[in-house]
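One structure below.
A, B, C, D, E and F label the chains in the order they appear, each numbered from 1.
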Amino acid sequence: MITPFVSVVVLVGITLSILLSAYRALRGPTIPDRVVALDNISINLVAAIIVISIRAQSALYIDVALVLAILSFLGTVAAAKYLLRGKVIDGSPLHTRRPG
Amino acid sequence: MMAPDLFILFIMGPVVTAAFLAAFHKRDLLQRGVSLTVSLGLWGLSVVGLLSILQNGIVVLRMGNWAAPYGIILVADVLSMTMVVLTMTVAVAVVAFSLRTVEHAHQEHFYYPLFFILIMGVNGAFLTGDLFNLFVFFEVLLIASFALMALGSQPGQLRETVKYVVINLIASTFFLISLAVLYRTMGTLNMADLAYKIQMTSGELDPTLTILALVFLFVFGTKAAIFPLYFWLPGPYFQPAAGLSAFFGGILTKVGVYAIFRTFTLIFRHDPSVTHELLLILAALTMLLGVFGALSQMDMKRILSYHIISQIGYLILGIGLFTPQSLAGALFYMVPYVLAKSALFLIAGVVQAATGSTHLKAVGGLQSHSIPLSTLFLLAALSLAGIPPLAGFFSKFIVLQAGMEIGRYGYVGIGLLGGLLTLASMLKIWNGIFWGEETGDRRPVPLQPLLPGVVLLVFFIVGIGLFPGVLYSVAQVAAAQVSDPRVYIAAVLGPDVLW
Amino acid sequence: MVTRLFFNIILAFAWCLLQDEISLRQFVIGFLVGLSAMLFFPRSFHQERRYFRKVTLSVQLVFFFVKELLIANWTVVRQVLAPELKIQSGIVAYPLSLQNDVLITLLANMITLTPGTLSVEVAPDRQFLFIHFLDVDDVEEEIRIIKDGFERYLLLIAQ
Amino acid sequence: MSGFLLISLILLPLLGSLVAWPERWRQRLAPAYSLVPILQLLVVISFWTTVQAGEGIQCSWPWAPSLGLYLSFSLDGLSWLFTGLISGVGVFVFVYAAFYMADDPTLSRLYRFLLLFNAAMMGVVLADNLVLLLVFWELTSVSSFLLIGFRSHRAAACEGASKAFGLTAIGGLVMLFGILAVYAEHGTFELSVLLADSTSISTAAGLCFLVAAFTKSAQFPFHIWLPSAMEAPTPVSAYLHAATMVKAGLYLIARLTPLFADDPTWSATVTSVGTVTLVWGGVLACKQVDLKALLANSTVSQLGLIVLLLGLQTEIALFAAVLHILNHAAFKGALFLTAGTVEHEAGTRDIRQLGGLRPLMPTLTVAATLASLSMAGLPPLGGFLSKELFYESVLEADLLLTTLAVAASCLTFLYSFIFFHGTFFAPAFHSPQQQHASSHAEQHSTLGLIAPIVVLSGLAVLFGLVPSLAEALVTPAFTVMHGAPPLLHLALWHGLTPALWLSVLTVILGGSAFLLRQRFLGAIREHQAAYSFNRVYSDSLTGFTRLFQWTRALYMTGSVTDYVRYLLVALIVGLSLPLWYFFGVTPPRVDMGGIALPEYYELGLAGLMAGAAVMCCRAHSRIVLVLTLGLVGALMSIFFVLFSAPDLALTQILVEAVSLVLFLMVLRYFSIMVVVPQPHISYARGLNIGISVGIGLLVSGLLFAAIVGPSLPSPIPSYYLSNSHLLAGGYNVVNVILVDFRGFDTMGEITVFSVAVLGVLAMVELGVRGQRPLGTMFMVSFPSPILQSFARLTLHLMLVFAIYLLLRGHNAPGGGFIAGVLTAVAMTFQMMAFHVESFSQEMPWKPLHLVVVGLLLAAGTGLGSLLVGYPFLTSAIGHYSFPLLGEIELVTAMGFDIGIYLVVVGTSFGIIRTIAED
Amino acid sequence: MDFVIISVIGVLFGCGTYLILQRHLLRVVVGLSLYSHGANLALMVSGGLTRGNPPLLTTEAPYVDPLPQALVLTAIVISFGMTAFATVLAFRVRQVYGSDVVDELAGGEE
Amino acid sequence: MEVPYILDALVSVLLLLGLFFLLTGTFGLLRLRDVYARMHATSKSTTFGVAGVVLASLFYLRYLGLSSGLKEFLIIVFLFLTAPVGAHMIARAAYRGGVSLWQGGVVDDFKKWLETSQE
């Protein structure tokens, strides 16, 4: 039974990985760099959740991991769209605006 | 008399109405008709409910049929039901006033639904017997008030809404913190259960309870606008439409006061020499600083806003004195004061409608313009200032009598001084708006149709003044229920609870 | 209609995956759930034909991709952990033969997941795929793998 | 019967004041209000025999007995005298007013205010309950306020009215204090009980009553309101501010005198205040050039005289006091009305512009002169009688008092002569044309403007000529005060008493002063006192207002940052004390049992969380700020995973996702990617850091106290765990709590959530659009086909996942909220990949409707249980089998959960769409 | 573990306070979010951070206290609604005022 | 609960492999010279690392009977679908936002194309 021990090692490693990514997130230098770093952090967190669920011998957190993966993707796309167009969600292409 | 289950209607009635009105938010007549009907209906029901409680004692509702402390319970005792009646009275007046004054665009943007949610939150806060549920209802009334305050999105409104939102969200956060500490220490969130557990322990929890009392005082005091937490109030309460100002000024801060009232009589009564003495000091400072602020203002609505603070001081004084008489006095104080405050804000709205301003320098000589309006103002203002035989006099009278009885002459003196300064600022409004040169443009607005709501409120002010004994006997019953937590505890946890 | 039915069946299978239980009961429930999702959130669908051939091709593609993936990761590890970074990177325009958006997406994704390449952009007229190369020395080799590997499979699927 | 007759004295005017004549006949019918005082007078006269016999009338009705309040009234000799004054002078004033304001459309209102006052005044003198007395007392102030400010367009009138109200209100409040003190001592408010009780009221309470009396009766230093009150129409001045209201204070002192018969403090206070007022009022009166101002100050002085006498408390003094009340009412009433008539006819009240009216108004001249002479205290007029008694009283007291009394009487002599001489006898000041104009006016002068004056001054003469009449009228009052009938008898001729010599001296001195007045009056009139009490009053008023404005401006900065600082500093200050007590004074025994030790990676995650929070503070660009906040949220969910809270972890992540999108959506309206310069290290920054550290420590300390402190066991968790499936049919206890045990919380929670969308819709759609966002600085680019294809493929998968989470919620992590937010995330993703409208227009529903349906569904599930007789939100469990689906367990709480789902979908989608469309 | 979390809560509140006292409205909103995170963690602590299974009766005892979890869930939802409102408010203020600097929003006290 | 040592070993190896790739991705993020190069590291290594960890849990939890492993499979699919899309979105945003290639890049067809299509 080395899995419990290995899982702790892996969790500590993931924490380290997150910390290192955080350095990139802080350093930048460009905003996309930071976005990439934060995305990397959240994917690492997905891994952390999975390892925790192995440790806890519970499948309950798999959903959490899945949803976090969705969030990570959504956040990355939103940030990218923001950086690209300033608008996360584009208005009507025809510029048909409601009066008011 | 009234089926206990029907008490849920004071909370769910408004929310169903709100949902319905939100669905049909473009239907003008429907909006107004339903709003008036429902508010009148709930008002009538609340009166019946209060009478029923006076007759048959405290009503306890188990939400989802779960017993305390496991489920949430609603407790309608005389104190909370009086607050509900008061809320509904003001609500009727405000709706009546709103029928004629709310802009069409605002009405289409959920004025009435938001108002009913606000009522739901307020009534819920009054009726709930669970502290976390109280938090939830605080949030309900807060977000409804945020939305109503910002309704119209005018620069001034948005600016003041920011202040209001930030301060209240901070207070809400600390509410959660205090609930966390409470649950960790006491293992329950039900107020009666808490009170019971505190009664059954012998002092080892007192230091923690004192800390808790102070955090709760911070939270509720911020909502109630007591010293030194009131600074946020005058600005935001100045901004919204007059009908809303009336409800905000009349009822909203009173939710905080009610919460202090409830917690400091039911739960935090372990060491009154610390907690209630602190209340007294804060009450005195609140009374004075509020009225000082009012005297420094030159706008009717601003003066009224500052007065909210000052009057809160009296209420806290009644709670802080902590005798059955003073508690009865605090409740007695609440009723006429809320009525008068709401009436005055509505009158400010009429003045605004008539002249386009409420600034003392921009308006003048309105007495000759509308005798009914000026009479109503005078009655409400003099009641607020505690001039007999209006209701406000007896409010002050009872609280101060309680103070005299236990020899707190200093606080009685400060109370009297506050009354004098209140009179001074009311006279300032009267002189500025109703007397003096006829200045300010007169808009061809018929004022009479705006007055029914005010008349309703003033009617009660005068009525209570002429027959103070009626309300006093209600207040005495309430005070008796509140002064002895065993009554409340037995009603909630059952009569066979072990002492 | 057929597309919708196909999609609905996919949703029903997804439901079974979520339920961790592949049974008729769950399939029926999943079908109903998927149907209601499609009713309440209607979106347009592309026409799809010749499923079985496509499925076979898809499986082949998956195996090819996994192989490339394993290689890719080893390459990246080597590059990242190499004592010296002497990488000349750049963006190369890759002429697309595919025209279907879904398949272009798949291609772009696979390119990103394989070594040294990363899809940056698709030209609006679907003429080019712009690929960032970590090391421009390998461009020809990489483009060959893409052309003869991924894109060939996808073109077959598209037919 | 007599009780009802008694309160009819109050009810008559009260009802009268409520009578409003129809607009058309208002002016003509107004004088009919005069019937009220006439009727009152008849009632008062009808009591004569009762009073004469030394008896009283008492009546009482319960008002609020639990508060000690009774509607109790009593009539004795003292109150009878005052009722007589109120109704008697009332008759004259009412009749006079009908002529004085004959063409004034506000006459009717004046009458109604006067009647209100009349009722209040009657109430003051008849009330037997102290609180009732206070009620009427304040009512006199209110009606006086309305009457002084009657000409409300004049600033001086408003100012005078407020001053009068304000100063008398001080008295009222102090009296309230006294009344409460009395009640605390004796447990009753009934005057008759108190008077009958031998235990006297404490001196402190007594002094409270005195302050009230002094403010009402314009005693030094509260006298300043009375001259300012002269802005009232003249009939009002005559009635309130000469004859009746100002005497309410005297009444109060007189009424309480028996209780303080041997109280030296009371006596000394009353006497000295009266003396000062007497002299000072006289000095001020002499200075005046305005007839009414002169009379007002003379009233102050005369009231001081009466107060002085009441303070002496000897038999003669008390008798003199009541007698002078009567006399003063007669002559001062007459003189005020004279001033009114003069102003009415001559158009001015300035004594320097008046004169020579004698030939034009012979009757008035005679009447006014007689009244003035009565005031001056010359025989054989009523004033002489009371002045003789006054001298006798002070002679009994001491020399200083005597000297001051003589001096004051000289002043009285002087201003009385100035009054009538200046008005009627002095050389005419007017030019011939003006003279003609005024004489022309005089021809129109009606009998009504003269007759009341003639009658009143006739009374002043009569009281002198027939002393027994005056004696008869005041004896009952005296008896009440003194406790025994008077031994002395009034007569014009008492022999050559010292008092008579003092009178002679007064005439000589006063006469010489009058003859020599040109020498000094001009100088005195020119010389404005450097610092009058009026100045003190107005300066302190403005001073306080400025002070309040200044202090308010100091802390009410309008900046929310400041308000937050106050709030948090208050919290730190308020809580650190009990926390210090908790840890420092009574340190708790720390029990570490049950507290889990952290693992290394948990420490790492905690460090990460702290780091992320600090990173938020240090983020220079807003997008990094927002993304970092998202990171904090993601870490929160990891914590929730560590704490075995899968529901929370899911919720937190999803909420974070939507919040992130929301933040990013609004971000373009803020200055984008502009590096915000950090403020220099300054006072404010240091303060902010200090407060932040303080709050951080405080919150930690608070929770630390909760953890290490004593705590009680809770039965709640085990109840939930053992009954969740048994009674509520769910395996996911958290969800069961949310939709069942504490479903009511959730009801409130979704209400909050629904309101958010209503508020956002209103906020965005109303008001001005404002500046356009900075979107134009970005490159326009085409949508990504890669993203779009991906979005198309995933929407329904995510939706199926959402529904899966929704349906399993009762038994596994999930539920309405989680599913709702996931659905919202899916939709947001669609909107991000495509255009907002291309998505939202395809939807067959509107977000608002979803919210409404959800809210109604949730509420309806709860209310449904009411219909079957169970409390709100009671859930029911049923098992049903369907073809193909097998047996399915349905809990009504599921309906509630679906309601939540709909609300959440509608709200999230609504908010995001609203912003996106803006 | 409790003490570690308490320290984290303290940091969250400290940083939240710092942000609330900043000049830009958006930072204030972020500060409020940190506050609510802190409060939620505090509620979790109130149940005692004992090691146990999630309160799902399909797993085995011992379970952790489910009540704080339910309370936190409610608190999260409420604060989500509040944050959404506050965010849009900040955005409207910026739109209408042309500034989101808190100092420039001062006033309203005459 | 006890597991056979072969599974124990497999799970541990997969976990460590996953960690190795995760760390590699992060090192790449730190070491590589521009954002495009860094994205190479994260989009490949990190995704691969997570996949390793998920596979570990798939075997582990499936053996314990806690999960059929289908959901874990879903996560892997999802990650492999989303990582490239995310990288693509950031890359185009970065490029258009003016984040230049390190040392200007040797080849830049995209720039040329953009310049011609702008005309």
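Heads up, the rule we're going with is that a contact is a pair of C-beta atoms (placed from the backbone, for glycine too) under 8 Å apart; a residue touches a chain by one contact, two chains touch by 3 or more.
In this text, all values refer to a predicted model and were calculated from it rather than measured experimentally.
Chemist: Starting at chain B, find the fewest moves between touching chains needed to arrive at chain F.
Modeler: Minimum step count, chain B to chain F: 2.
Chemist: Relative to chain D, which chain has the most distant C-alpha mean position?
Modeler: C
Chemist: Across the interfaces B-E and B-D, which one involves more C-beta pairs in contact?
Modeler: Ranking B-E and B-D by C-beta contacts puts B-D first.
Chemist: Cα centroid separation between chain A and chain B, in whole Å?
Modeler: Centre separation, chain A to chain B: 46 Å.
Chemist: Roughly how far is chain A from chain D, centre to centre by C-alpha average, rounded to an integer in Å?
Modeler: Whole-Å distance between the two chain centres: 59.
Chemist: Per the centroid of Cα atoms for each chain, what is the distance between chain A and chain F, given in Å?
Modeler: A distance of 11 Å separates the two centres.
Chemist: Report, in whole Å, the distance between the mean C-alpha point of chain C and the mean C-alpha point of chain F.
Modeler: 15
Chemist: Two-or-more-chain contact residues of chain C, please, as numbers and ranges.
Modeler: Counting only residues that touch two or more other chains, chain C contributes 14, 18, 105, 108-109, 119, 121.
Chemist: Going by the contact rule already set, what residues in chain A reach two or more other chains?
Modeler: In chain A, the residues touching two or more other chains are 14, 16, 31, 35, 53, 58, 60, 63, 66, 70, 72, 77, 79, 81, 83-84.
Chemist: Listing for chain F: what residues touch at least two other chains?
Modeler: If we look for residues of chain F contacting two or more partner chains, we find 27, 39, 47, 67, 71, 74, 81-83, 85, 88-89, 92, 96-97.
Chemist: Hey, which chains are touching each other here?
Modeler: Here the touching chain pairs work out to A-D, A-E, A-F, B-D, B-E, C-D, C-F, D-E, D-F.
Chemist: Considering the complex alone, what residue numbers of chain A touch chain E?
Modeler: 58, 60
Chemist: For a test of understanding, state which residues of chain E touch chain B in their complex under the given definition.
Modeler: For this pair, the touching residues of chain E are 20, 25, 28, 32, 35-36, 38-40, 42-43, 45-48, 67-68, 71, 74-75, 78, 81-82, 85-86, 89-90, 92-93, 96-97, 102, 105, 107-110.
Chemist: Provide the residue numbers of chain D that touch chain E in the complex, in ascending order.
Modeler: It is residues 552-553, 556-561, 564-565, 568, 594-598, 602-603, 606, 609-610, 613-614, 616-617, 622, 625-626, 629, 632-633, 636, 639-640, 643-648, 651-652, 655, 658-659, 662-663, 666-667, 669-670, 676, 679, 688-689, 691-693, 695-700, 703-704, 706-707, 714, 716-717, 720-721, 724-725, 731-734, 737-738, 741-742, 745-746, 749-750, 752-753, 755-756, 759-760, 763-764, 767-771, 811-813, 817, 907, 911, 914-915 of chain D that touch chain E.
Chemist: Which residues, counting only chain A, touch chain F once they are in their complex?
Modeler: Touch list, chain A to chain F: 1-3, 6-7, 9-10, 13-14, 16-17, 20-21, 23-24, 30-33, 35-37, 39-40, 43-44, 46-47, 50-51, 53-54, 57-59, 62-63, 65-66, 69-70, 72-73, 76-77, 79-81, 83-84.
Chemist: Would you pull the chain D residues touching chain C in the complex into a rising list?
Modeler: Its residues touching chain C are 782, 784-786, 788-790, 792-793, 795-797, 799-801, 803-804, 807, 826-827, 830, 839, 842-845, 884-886.
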